[in-house]
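Labels run A, B and C following the written order; every chain starts at residue 1.
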Amino acid sequence: MSAKTDRIDRLAELTAARADEGGHGLWYEAFKRLRRNPMAIAGAVIVLVFVLIAILARVLAPYEPDAQTWLGETSTATMTFPGARAGNLLGVDHLGRDMLSRLLIGSQQSLLVGVVATVLGFSAGALLGGVSGACLGLFGTAGRRVDAVLMRFNDMALAVPSLLLAVSVATLLGQSLITVMIAVGVTQVPVFARLLRGSMLAQSHSDYVMASTALGVRKSRIVLNHILPNSLGPVLVQVTLSLATAIIEAAGLSFLGLGGVDAAHPEWGFMLAESQQYLSGALRFAVYPATAIIVTALGFTLLGEALREALDPKLRK
Amino acid sequence: MVRYIVRRLLQLIPTLFGLSLLLFAWLHSLPGGPEAALLDVRATADTRAQVRRSLGLDEPLWIQYGRFMKRLAQLDLGDSFSTGTPVVEEFGRRFPATVELTVAAMILAIGLGIPLGYLAARRHGRLLDILTVSGSLLGICIPIFFLGFLLKALLAVKLGWFPSLGRQTPGLDATRVTGFYVLDGVLTREFDASWDALKHLVLPGIALASIPFAIIVRMTRASVLEVLGEDYVRTAEAKGLRESTVRRRHVLRNAMLPVATSIGLLTGGLLSGAVLTETVFAFGGIGSFLAEAISNRDYPVLMGFIMIIAVLYVLINLAVDLSYSLLDPRVRVR
Amino acid sequence: MKSRKLRGLLALASVTVLALGTAACAKSDRDDGGSGDKDTFVFGTPGSPKSLDPSLATDGETFRVTRQVFETLLKHEPGGTKIVPSLAESYEQSPDGLIWTFNLRSGVKFHDGEAFNAAAVCKNYERWYNWTGTYQNTNFSSYWQELFGGFAKNEDAKTPAANFKSCAPQGDLKVVITVDHYSATLPGAFTHASLGLHSPKAIEKYTAEGNPTGEAGKFNYPAFSQTAGTVAGTGPFKYANWDKGAQEVTLEAFDGYWGSPKAGVKKLVMKTIKDANAGRQALQSGDIQGYDLVAPADVSPLKDAGYQVPTRGVFNLLYLGMQQEAEPLLQKKEVREAIAHAIDKQSIVTSKLPPGAKAADQFMPDTVEGYSTTVPKYDYNPEKAKELLKGAGADKLSIDFCYPTEVSRPYMPSPPEIFEILKANLQAAGITVNDKPMKWAPDYLDATDAGKCPLYIIGWTGDYNEAYNFIGTWFAVYDGGWGFKNEKLFADMATVSKEPDKAKRIELYKALNDEIMTYLPGVPLTSSPPSMAFAPNVNPPTTSPLTQENFAEVSYK
C-alpha cells in the first residue's frame, strides 16, 4: 500500500516537470517517442486485439458460454474431458461447456471489470483528490485543513486490508461481477486521489498558474481550465496500469471465493479460479484463462509504462 | 528532529481513535456473527443466541465499543472469538512469519532488482533493456496464486529443490526462541534448522517478491537513466574516469536515493501480510489469519490486527521520512 | 552528518551485542540431533483443531486429532460402522434402555501413568455432568448437551434437562451408567469422540484451573486445552506439542498403549493445509506423507502417479434443501415433486463426483441401518416436471437458489459446479433460477439457517450408525432451514427416538424414510465417498466411513 503511494507521488511529479512546455508539442513528442518504443507497440497491439475481441465476442463465440452441451461426455472420476476437436477448438471445460466461447465472452467481462473498476476508482478518486488539491492549493488555511482531513481519511483507507472491503461489498450487494468491479474500483480510489492531488499541487506552484492568478483569473476557472486538464497525463498512465491491476485482482478475489460467478458471463479470473481443482489432471483449464490474463495485463502494463516514460521529460535525454 | 518525531507520534492518537470508531461501526454493520464459526452446521437458533449472549454481542453497540476502548486503555485487545486466545498472542505468533517472508521477498527483490535495473538503464533501448523491463513486468501480470502453483510444480514437485509449503519441516523439533525460525536456529546453534527454514522461504519469497521486484527494477532504471543524463556524470565520463569509478561514485550513489525510499515503503506494504501467498504456501502469517477472521467475524482479531498494522504503517512511514533526511542532506524534515 | 553516522554505527553495534547476548542465553533443547526420515509421519488436514480436549469441541478437525489420543467406552469397528467394544470389553443394555453396564478392560494405563478403571470412567462423566458457568455454554459443551442433555444444575433456562442420571462403579472394572429416558443417541454416544476418557489426575488439574473467565465480550478456552502437557488419554498417541503458529499438532507414540496396533511411527504431525492444490503438491514433493479431502479430480491423476488413494465408504448425504416459507409455491407437493423430477442426479454423479459416488433416493446413504428399499422414487423426467408445474399453476416459477462459493465438504466437493448442473436442470424444466452465491461462513450458513433461501444445497456426514443422526436432526421438529410443520412426521420422529429396541427402531426408520420421501421436504441428491491420499512408501490406515481413521495403523514400508 505504501509502495503504491510512493509510485503515485513520483508519477504526480511528472506533471509539474512537463508543465513548462507547450501543450500540443508535448503530446506529439510523446506520441513520436511511443512509436519508436517496441514495448509500447507490443502493448498497444495486445490492447487493441483484446478490445476488438471483447467487442466482437458475441459474434465470434460459437456457443452460449453456459450451455452444458457436452456434460454427458465429461467425467471427473476418470478425468475425461473432450479436448480440442472440430466442434470445440479449445475443447470443453469441466462442465461440458465450450472453452473457446467462454474465453471469448470472458474477454468482454474482463474488459468490463477493468473499465468499470477504473472508471469508478478514477471518478471517486478524482473527486476526493481534486477537491483536496483544489482546497490546499487555492483556499488558504481553511483549505489546508480540509485537505488534511481528506488526506488522513485517504491514508486510513490504505491501512485497511482490501479483502475486508471486498467481503463487505459482497455481503451488502450479493456476490456478482458488480461486486468485483466495486471492490477493485474502491481499492483504486486512494491511488487516484493521491495522484490527482499531488499532480494539482505540483501545478499550483507552476509559473502559468501564478501568472493567471496575477492576472486576476477566477480561482475556479484556473482549476477547471488549467490545472485539471494538465494533470491528465499521469492520470492516463495510472488508468492504463489500473486496467491491468483490476483484471489481476479480480482473479485473486475469485480465488478467495468472492468472484463474479455468473456462468453465462464468465470472467477470466473466475475461470482461472474455477480451474484450480483440475490442475493435476486438466491443466489446460487453467492455462487458457491464465494466458489470457497474463497477456492482456502485460499489454496494458507495457503500454502504461511506455506512456510514463514518453511523458517523463527527465528520461528523454 | 525529536520534536518532529514526537509530533508525528502524537498525531497517531486521534487517527487511531478515528480508525477504531470507524472500523468498529463497519465490522458490526456486516451481517452475520462469529457464532457460525464456533458452532457446527446444525446448531439451533437458541444455541446461536446463547453464544451471542456469552460473547456480549447482544448488548448495544456503544457498550461493546466502550468495553473495547476500556480494555484498549489497559493495552488489552481482547481474545479471538474463534481461537479463544488473546489477540496480542495471536499477533505475536504470526507476525514473525510475515516478517521473515517480507525480508526474504525484499532481499530477492532488491538483490535482483537493482543490478537488473542498472543494467537496463545502461543498455537503454537495447534488447537487454526491453527483455528486463518486460520480464519484470510479467511478474506483476501473473495472478499470484497461479504463480505460486507454477513455482511449486517446477521447483518443488518436479525438481525437488525446495519444500513446497510451511515454514520448517515438521518433526524437526527446532527450539523456538524468538519465533523467527532462521534467527532461532542461529541463536540456538541448530544451524540445520536455520537452513531448513531458509529453504522454506525461497518459493513463497519468490512469489511475494514478484511485485516489489518489478517496481524496484523500474525505479532503479528510471533513476539511473535520470542520473546518467546529469552533467556531473557526463563530466566524470569526459574526464576519462574508469567506468567502475563513475558507476560507484556518481551514478549508483545518486540514483539509489529514491530507490531506497521506495524500498522502505514497499517493505511496509508487505508487512500487513499477503493473503494469497500465505494461503497457497500454508505459511501461517498475518494475512491468511486476517482473511479467516473476516469469515469468522472475529471482531477482536480484526480490530486488533488492523490497528496494530495501522500503527506499524505510520511508524514505517515515519522511519522512511527520517531516513530520507538522513540520506539526503538537502531534505530537512520540518 | 559525521555525528549522525557515528550514532548509526553505535546503534548497529548495540543491536549486534544484544543479539549475541541473546545467543549466549538461548540454548538448544532438542534431545537428539535430527529425527530420522522414517520416524515422522506428516498428514495434511483441511482445518486446524480448536482444543486438545475433545469434550470442548464440535468440529471434525479437533476430533481427528483427539481420536488418536483418547479412547471411548465403545467404538466403531475399523473401516465399518458397527459398534464394537473399546475400553469396555463388553456391555449390556437394560430392556428399557435406561441402564448401561460396561465391563472394562484391565491393564489399561493413561498417558500420565494413572490406571484406567471404573472410578476413572465415572470421574469423566461426573466432570461433564457437573459443569458449571461458562462450561454450560453451547460453544463449550455442545455435544454433551446433544448426547446427554444438560447438567446437574442448569444455569440457563434454555439448556435441556439432564438425561444423564448417574455413573456407579461396581468394583474396579465394572461401571453402570444410568439415564433418565432412552434416547436414540444411545449407544452411539458412548463411541462419540467428544466423550473420550481423560485421566483422573488430568481432570483434577482441569478443575483446579477453574472455569474460563466468561468475562463479557471475551471467549477463551481453558489453558490446559491449548497446550500439550496436562491433557492425557489412553490412546496409542500422546500429545507432544501444538504449534499454533505453524498450525501443527505433534503426537508421539505412547509406549504403554494397551492394545494393538501400537503406533507405527514415533511422531505423527497433523498439519493444516487449507488449499487442496497445496496439499497435493506437498504430497508430490515429499513434504507430507498424506492428506485428506482429495479433490475428486485429483484421485485418478494421483493414482496414475503411483500414490495410494484409499476411498472411504459412503456415509454422507448431499441434498437440495427447500424452504417453504421463503417460497410459498414450495408448499405445494406438486412443485416439490416437479423439482425432484427435473433433477438429473446421475449426471452429477458421473460428471462431477469421485468413483464410488451414488445418487441418493432418501435422506440417508444406504450404509445406514434403517435405509428403506421401498421409498417412492422420483425419476429424472423434465417433461413430467413441466406438467406438474403447470398443474400447480407454477409454470412461471422464478426462485432464488443459494450456494456456497469457496468451500469443499466431503459430501459436496465443489458446490458451484453442482449448483451449475442443478440450475441447468431446473431451467430446462422451465424454472427461472436466480443465483445467490455466498461465502460459506457466516453468510451462507446464516442465510440457510434463518430460512432465507428457498433452494440451497447442504449435507451431512454421519457421526455414528444411527439413522436418527441423519433424519432426526432435520425432521424431528420445526426447523428454520425447511420451514414446514408436519405434525405427524414430528410425532413419528419422537416415537422412534424413544424406542430402546434396536431391531424395532430400524423398522420404524424404514417406515419413516418412506413417509419422508412421500412428503418430499427436499430432494436427496448424492452420497460421495471422500478420499485420502498417501505416499507410495507408507502403509495407510484403514479408511473409515465415519472419518474415524486410526493413525496408529500408519507406518513406513
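Assume a residue touches a chain if its C-beta (ideal position, glycine included) is under 8 Å from a C-beta of that chain, and two chains touch if they have at least 3 such contacts.
Since this is a predicted model, take the numbers as computed values, not measurements.
Using the average of C-alpha coordinates as each chain's centre, A ends up farthest from chain C.
Distances from each chain's CA mean to the overall CA mean are smallest for chain B. Chain centres here are Cα means. That of chain A falls 44 Å from that of chain C. With centres taken as mean Cα positions, chain B sits 23 Å from chain A.
Between the Cα centres of chain B and chain C there is a gap of 36 Å. Counting partners per residue, chain B has 31-32, 149, 279, 295 as the residues that reach two or more other chains.
Each of the following residues of chain C touches two or more other chains: 277, 439-440, 443.
Chain A has residues 167, 171, 256, 276, 279 in contact with two or more other chains. Partner chain B is touched in their complex by these residues of chain A: 1-7, 10, 38-39, 42, 152, 156, 158-161, 163-164, 167-168, 171, 244, 248, 251-252, 255-256, 269, 272, 276, 279, 286, 290, 293-294, 297-298, 301-302, 305, 309, 312, 314-315, 317. Contact residues on chain C toward chain B in their complex (touch as defined above): 1, 4, 8, 19, 22-23, 26-31, 33-35, 39-40, 42, 50, 58-59, 134, 137-139, 142, 156, 158, 212, 214, 216-221, 226, 244-248, 250, 267, 269, 271-275, 277-278, 281-282, 284-288, 439-443, 445-446, 449, 458, 460, 473, 480. Looking at the complex, you find that chain B touches chain A at residues 15, 18-19, 22-23, 26, 30-32, 130, 133-134, 137-138, 140-146, 149, 211-212, 215, 218-219, 222, 225-226, 229, 258, 261-262, 265-266, 268-269, 272-273, 275-276, 279, 287, 290-291, 294-295, 302, 306, 309-310, 313, 316-317, 320. Those residues of chain C lying in contact with chain A across their complex are 276-277, 280, 295-302, 347, 350-355, 357, 405-407, 413-414, 416-417, 420-421, 423-424, 435-440, 443. Residues of chain A touching chain C in their complex: 66, 68, 71-72, 74-79, 94-96, 167, 170-171, 174-176, 256-259, 261-263, 274, 276-282.
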